[in-house]
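In order of appearance the chains are A, B, C, D and E, and numbering begins at 1 in each one.
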Amino acid sequence: MSFVDFLSLGPLITLSAAGVATMLMVAAWRNHRIIYSCTLIAFIMAMMAVIPAIKYIPHTYPPLLVIDEFSLFNTGLILVAGFIILLLSFNYFEEREERKEEYYILLILATIGALVLVVSRHFMALFLGLEILSISLYGLIAYLRARERSDEAGIKYLMLAALSSAFLLFGMALVYAFTGHMDFPGIGAALRQAGYLPVSVMAGFGLMLIGVGFKLGIVPFHMWAPDIYEGAPLPVAAFIATISKGAILVLLIRFYQDIHGNDYPMLWWMVAIIAVASMFAGNWLALTQQNIKRILAYSSIAHMGYILVAFLSGVQTGLEALAFYLVAYFITSIGAFGVVIVMSSSLQDAETIADYKGLFWRYPWVATVFTAMLLSLAGIPLTAGFIGKFYVVMAGVNGHQWFLLFMLVINSVIGLYYYIRLVAVMFAVPANGEQTTVVPALPIAGNITLVILTILLIGLGVYPTAMMQLIQQMMRILV
Amino acid sequence: MFPALIPLIPFVSALLLMLGWKRLSRIAVTVIGCGSIGLSAFVAVLIAIQFAAGGEQAIVQHAGNWVEAGGFKTGFDLRMDALSVVFVGVITIVGFLIHVYASGYMHEEPDYARFFACMNLFVGAMLTLVMADNLLLLYFGWEGVGLCSYLLIGFWYKDPANNYAARKAFIVTRVGDTAMAIALFMLFQFTGTLRIPEILQSSTHIWSKGDPVITWIALLLLGGAVGKSAQLPLQTWLPDAMAGPTPVSALIHAATMVTAGVYLIARTHTLFELAPDAQITTAVIGAITLVLAGFSALVQTDIKRVLAYSTVSQIGYMFLALGCGAWSAAVFHFVTHAFFKALLFMAAGAVIVALHHEQDLFKMGGLKKQLKGIYWVFLVGCASLAAIPFVTAGFYSKDQIIWLSLSAAGGHTAFWLAALLGALLTGMYTFRLFFLVFYGDLKTHVHHRPGNSMMIPLYILALLSTIAGFIELPHTLGHVTLFSNWLLPVLPAVSVLHDSVAMEWTSQALSAVLALSGIGVAYAWVVWRPKGMSDFLEMPALLWLRGFWSRGWDFDKLYNILLVYPFVYLSRMNKKDLIDKLYTSLAALMQWCHNVLARTQSGLLRWYILGVVLGAVAILSVLIWRIYI
Amino acid sequence: MILLVLILILFFAALLSWIVGVKSHAGSRWIALCSLLLNLGIVTGVWVNHPAGTGRWWYQYRVDWVPHFGISLHLAMDGLSMLMLALTFFLGALSVLISWKEINSRVGFFHFNLLFVLCGITGVFLTMDLFLFYFFWEMMLIPMYFLIGIWGHEHREYAANKFFLFTQAGGLLMLLAILGLYFVHAANTNVYTFDYFDLLNTPMDPAMARWLMLGFLVAFLVKLPAVPFHTWLPDAHTEAPTAGSVVLAGLLLKTGAYGILRFVLPLFPAAAADIAPVAMLLGVIGILYGGMLAYAQTDFKRLIAYTSVSHMGFVLLGAFAFNEIAYQGVVMQMITHGISTGALFIIAGALYERIHTRNIRQMGGLWLRLPMMGSAAMIFVMASLGLPGLGNFVAEFLVLLGSWQANHLLTVLATIGLVVATAYSLRIMQKVFFGPCDRQYNMPDLSGRELVIIIALVIVICWLGFHPQPVLNTSQQNIDYVVR
Amino acid sequence: MIGPAFYIAAAIAVLATIMVITRYNIMHALLYLVVSLLAVAVVLYLYGAPFMAALEVIVYAGAIMVLLIFFVMMLNLGKESAEQEKLWLKPRIWIFPSLLCIILLGELVFLVLQNHQPAAEVKIVDPRAVGMALFGPYILAVELAGMLLMAGIVGAYHLGRQKEKTLHRFLENNEL
Amino acid sequence: MNVHPTTAGMLLAGVLFVLGLISILVRRDIIFMLLSVEVMLNAAGLAFVVASSHWGTADGQVMFIFILAMAAAEVSVGLALILQLYHQLKTLDSDEAAKMNG
């Protein structure tokens, strides 16, 4: 490994080292606060390690990894998101679990997995990244052993993830068997050479789609999402909703670009059907759901559908839109989960809608943040979500995907209903003598995090230019 | 002198009364209410004199712009010409008399100020109507009088029946107004203006005689006119409008507003001359209305409804005249009718007040002795209405119409016969009313005798009802044509086809005989052999016929079945808005989808795995399908 | 710059009144009132001494916002915008006044929302950038949603949701159309911009133009609202608090009409002309259907709401008649409908405060106790049925006069709508103020504050009825461009 | 190369796997699985991957299966669970999923058979080449695999640790 | 009969894969499900080795090793989880683990 390799892989190496170090520390001396601080420092260092890497992009580490603008941008995004989730985690675990230290190791490992996915250009890296992520997540989801549902969630996730991994592997094997390559550009080149898409390779892609689709939580591989969101600790749910899905999406884009997916309408068809189905299923399922975590799960299914519309537009704008949407979606989702986290008491997560009744009149600030997040999910102006949706629609129009856009519009309207329903609940005037069961913890760190997220949300909603320029630059190189 | 002052004074006074409804004393209200009309009348007379002396075609005052948009331009332009002078004069003078009468009649009314505010508003609007130089301003007055009519019919708002009557009046006339509005659109489309003189001037260049466009325009204008003037087929509102206070009936529903249609047609006579079909339609409508309303008047039991039907019938005469091209005859009948019908209404009102708000004819009777003054003025009114030869104004005006309906260029024997039949009916119902009220046994106690404020206007009107006829005498009787000469600059003289003195004599004699025989029949019916007559009238067939006539030939029923019930039924049916169902069922569909999908989220791991497998099968199937099939 | 100030004043006043409202209700009210009056003053000032000879656009202001997409903060004011703004601030100030006693809970937040809606509406009327337009278009929904959802009547949430979903659905279609236009323009000229002036005269093929136009049109038809997209309106109007109903009926509906005049017709003249008969037909259906529904209602506010459907049908009819007279009528109708319907809602609200019902079956004979209110109601009912001398007559007459040139049959049907209007309008008076009074009410007639509101409205409606020329002249310049 | 050895091994593998999925008793199933894995190891060998065959035997059949067997024995799942399993495995339950899976198999087979690559002999990749690849270009992947195992260990460590209270109840109920 | 070796190997892997799939679908016992996943993973590994032999590259075999590692980690975490679940539910019936739904 050369020096440049080292610098380029800086974030990954930093986190890996931190993972090992924290494990050793846990072995030596358990102290939540110290481990927490160390993890925070590790994340900060990893983020800083992104900076020197910029100088050497694009850098390829053959045959496994590639570090270019796109992967670095997403590395940064994932690290920031992880950092924010970390900020929200301390109080949550402090109150709930006696052994909290392993959480941080697993979180670091899961983040490593996501980072590997982001930089991978090879089936092997893909597989390993995915599995690091998955296996850490098994532990994370079932982390709160005192909670009845976490085991159930863990086992469901485990079984389905293993199953989908098996599909993914079999698909990869098919692709490998009939192209002779496992690195993305190699596959792309082989397919180009063949001049068409062999059916068996096609089948391989199809099976891989199952593995990827499972992680993204898109129809028909979405069914785990609500149960896992409900059973997992809230920060972990936020992690699954954002980092895990984001990393896979990044991978998907890279793969698709490298194999020149746009040349093969077949692929487009498969993804398009899934996208439409995801939008409808997600929104319909969320319609009268009473559990906030499940609503967020369903909404994320639908959002993946929207993102796929951008993906399918087949134009440069689409990828830009996707990246921007992803950023907005990260902020919004973490923000929404953050609100649920700060609203939860040490005894119980604030997960039913009833817990939020009249929230605005009790905790106006939290309710305002939540409203902002929900409106962003719904794509209402002044929020990043609006610009994101705008960008997606723009990409769709640019790519003349009128049918998909029409579906998107219909679904946005359906989606609005349940977002606005939540908002309405928060602003509902509580009847006299009505008491909510959950007494929110409202930790300071959590509140500060929410402030930052809200500022980001509205900042991006009002002045998206800087972010757009960044994204545009990065995407130009990818295509 | 500004013509604008004439309508402005009543408007201002109405505004004053509205704003000061709480603070003004009764006397102040009376002074403002009656005084303003008096002042207006005075100004009108001055301007009329000025106009007569000036010898101009018309005095036009531009009192400001109103609407100017994209080539459409109208202003508040008021016009005094021969025709307006006649109408303004009648409106202000009769209006003033009625106001004075009303100050006595409404003496005990708590909402005294509101009453006068509305009345003055009405006079203002009516004056605007007849003085308007453009059709939009005319329309303004037209709708304004409609509003006031509505307000005054429903003046005693606590009784729902009054409100229904008011609403009916407004809506039915609005139907006519709508037609008129369309006529306005058409006129603007073809002439590019709504100024009446310009329209009249250019119309002859634009359209040839009988052009379908002008026929349509004329018919639509006629539609407006029949609405306002309660002619067939929109006559049904007027009898119900009697729910208002009697001075209102006198002013609005007898003397002035209901003749607005006559004014409109007279004003736009050039258009009607260009559209012979429309003109014939006018005459036919007039003829039929006057007969039908005459029959209805014959069997009414409510004193005011008799008069109302008689009004409809008399306006039918005017329409007949208009339709025959006898413009000035129509206007002349308007003048005399205004006098004697106002007189009759007010006298009837006095009777009603005297009998403690009793309106049923069959509960009256024998009042001759009790109400001497009223008896005499009533007699004058009735005589004039029934057109007793030589001494009454009604004779001269109506006789002219009867004769011209035969002899004028647009005349026809059928019209003439209808007019004669009308004359007979008029005599019958008028004197049936008269005899029923004043002869026979006293049935209701008289509790209140009208005071001077009520009686003096009656005397004046009685006088006018008598002498007004002498300004226009037929060939056969002196041949005075003061009135038609006066109108000549505006309304062309009637073109007479059969200028035969002998025939005119015959016609006059016939109508006189018929009127007198009508009176005779009425006398026989009510005074001489009441028993025998009533036995005869109790025959089942006749009984039904009486009911039929009494209900106004069941036009109400017809319209209810054809228009009102379907509309109300449809709107009630659709109260919840059927289209909304579309959206709510859409929402229900979404809910259904949710329910179905929520079932799949069973929480069972195997089920989820099945989902994945299904997905796998689906993906591969799509693949195979796309490639091979 | 002054245009930005108009928006910013409202924006900051909104925030300020929220903050102040925590401590002092009166303070919040006064801040809201003063900011609106200030804006009204500015607009009136502009109206009276706008720079002469600058052509159609009195003021323009432009700053890049997202240059990446060709989005700029482009505000401009012409006669049409000015009139709409004057209406906005006038009705806005009245809305604050009518809420003075009615809203007693969460006053600060109420005024925040109210001012925020008005801020959004101001933006809609001023912006000349399609992205920004959409931005403001959506921005005004949320606070409106709160106004209905928090301070509304019994079924407020249902109504608020319905309102929100309908307008959003329309809005999203418009977004598609905006973006379609953006790319069509870019494809033809290679300039990526959302600027209104650049997008005017974009050459495009007719089929494309039709679809894009439909996207815009549907959004505006929903907002207008035209049958069959109207069903959100009765619910929203009925359930909203009085101020909400006034803003909805008086202003929000106007944004739809404004959109048609500002965007649909100029951007797609040919496509709009193609669809004109259908649009006019929808307008006529709206007139008759709305009137018919209004006649059947027993809820006072719902009845008024359906009259809005009927009246806005005239706007649609006139807008697609393609001649100047009709356009002038449309502009007039937008203003006068705002005034007259707003006034009726205010009366309904005042009645509700007194007798706590909106069911007209339970009313009757109220004239006895409330003669002043009755007279006011009479004036606005007459306005609503199009009595000459009141503003609505001028508007409707011009619309019909204009549309007659375009389509005889539809105009005749629309004119029949006047008869229907008479039926339902008079029904209001009859059921509410006339008839026997079976209950012993003891309630005050209009208070001083209410009197001020009503008199202001009466003066304006009469002024518009007798002397509409200033308004017509102001909109004239704009219309010359539209008609071409 | 595709000779009798392959067919026999493949047949054993498939049959053993069928036995695995039809057994009621988990121990039996596990043992059949070991057989299946051994047969697969033969196939691997035939396909020129002797090192993989060895790993299959050592790691899969040896380590992982033993872990499972040990686990099953720890939980002491005996007759009861076999009975239960019998109850659950009714045709009504398995027929539809099996049909579905067979459709899937059919599709897979169909798609794989569409391959028209020229037939090539099996190439033997000796352990040295594998080692060279593993510690050459794929060294980073090996490190990542280390991370993977670390995640597995930490996860298993955290989750496997028994909660005192639960343990107590568990002991109580099972009367060990 | 000239059987394409790669195809034959792939078919074998496919059959094993689907057998594992059937098992995971019809079984309710969680340990059985875990077992079935292992069968499927093994089948995928086999497919890699077959492919590797077709191209004569080591990549497939390297992948096989990683699959082994992953399977081991999977099983260890899985068993730990199953243990927890067993403590909680007193059964290995996966249908019992369905507290969350809707």
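Note that a contact is a pair of C-beta atoms (placed from the backbone, for glycine too) under 8 Å apart; a residue touches a chain by one contact, two chains touch by 3 or more.
Chain labels with UniProt names: A = NADH-quinone oxidoreductase subunit N; B = NADH-quinone oxidoreductase subunit L; C = NADH-quinone oxidoreductase subunit M; E = NADH-quinone oxidoreductase subunit K.
Since this is a predicted model, take the numbers as computed values, not measurements.
Chains that touch both chain B and chain D are the following: A, E. Both chain C and chain D are touched by A, B. Set against the Cα centre of chain C, the chain with the most distant centre is D. Among the chain pairings, D-E comes first (most C-beta pairs in contact). Compare each chain's C-alpha centroid with the centroid of every protein C-alpha atom shown, and the nearest one belongs to C. Ranking every chain by how far its Cα centroid lies from the centroid of chain A, the top place goes to B. In whole angstrom, the spacing between the mean C-alpha positions of chain D and chain E is 5. The distance from the centre of chain B to the centre of chain E, each centre being the mean of the chain's C-alpha atoms, comes to 95 Å. Rounded to whole angstrom units, the spacing between the C-alpha centres of chain C and chain E is 64. Chain A and chain E have Cα centroids separated by 26 Å. In chain A, 124, 128, 131, 135, 138-139, 142, 145, 154-156, 159, 163, 174, 199, 202-203, 226-227, 289, 417 are the positions where the chain touches two or more neighbouring chains simultaneously. Counting partners per residue, chain C has no residue that reaches two or more other chains.
Residue positions 6, 10, 14, 17, 20-21, 24-25, 28, 33-34, 45, 50, 52, 54-55, 57, 59, 62, 66, 70, 73-74, 77, 81-82, 84, 88, 94, 97-102 of chain E each touch two or more of the other chains. Interfaces, counted as pairs of touching chains, are A-B, A-C, A-D, A-E, B-C, B-D, B-E, D-E. Across the complex, chain E meets chain D through its residues 2-12, 14-23, 25-29, 31-32, 34-36, 38-39, 42, 45-46, 49-50, 52-59, 61-62, 64-66, 68-77, 79-84, 86-88, 90, 92-93.
Put simply, chain B touches chain C in their complex at residues 18, 21, 64-72, 114, 136, 139-140, 143-144, 147, 150-151, 154, 157-160, 163-164, 166-167, 170-171, 174-175, 177-178, 181-182, 184-186, 188-189, 567-568, 570-572, 574-575, 577, 579-580, 582-583. Across the interface of their complex, chain D is touched by residues 610, 613-614, 616-617, 620-621, 623-624 of chain B.
Those residues of chain D that touch chain E in the complex are listed here as 1-2, 6, 10, 13-14, 17-18, 20-21, 26, 29-30, 33, 36-37, 40, 43-44, 47-49, 51-52, 55-56, 59-60, 63-64, 67-68, 71-72, 75, 77, 81, 84-85, 88-89, 93-94, 97-98, 100-102, 104-105, 108-109, 112-113, 115, 117, 119-125, 129-130, 132-134, 138, 141, 145, 148-149, 151-153, 155-157, 159-160, 162-163, 166-167, 169-170, 173.
Against chain B, in their complex, chain C makes its touches with residues 162, 227-228, 230-231, 234, 292-293, 295-297, 323-325, 327-329, 365, 367-368, 371, 375, 378, 382, 385, 387-389, 393-394, 397-398, 400-402, 404-405, 411-412, 415-416, 418-419, 422-423, 426-427, 430, 433-437, 466-469, 472, 476, 479.
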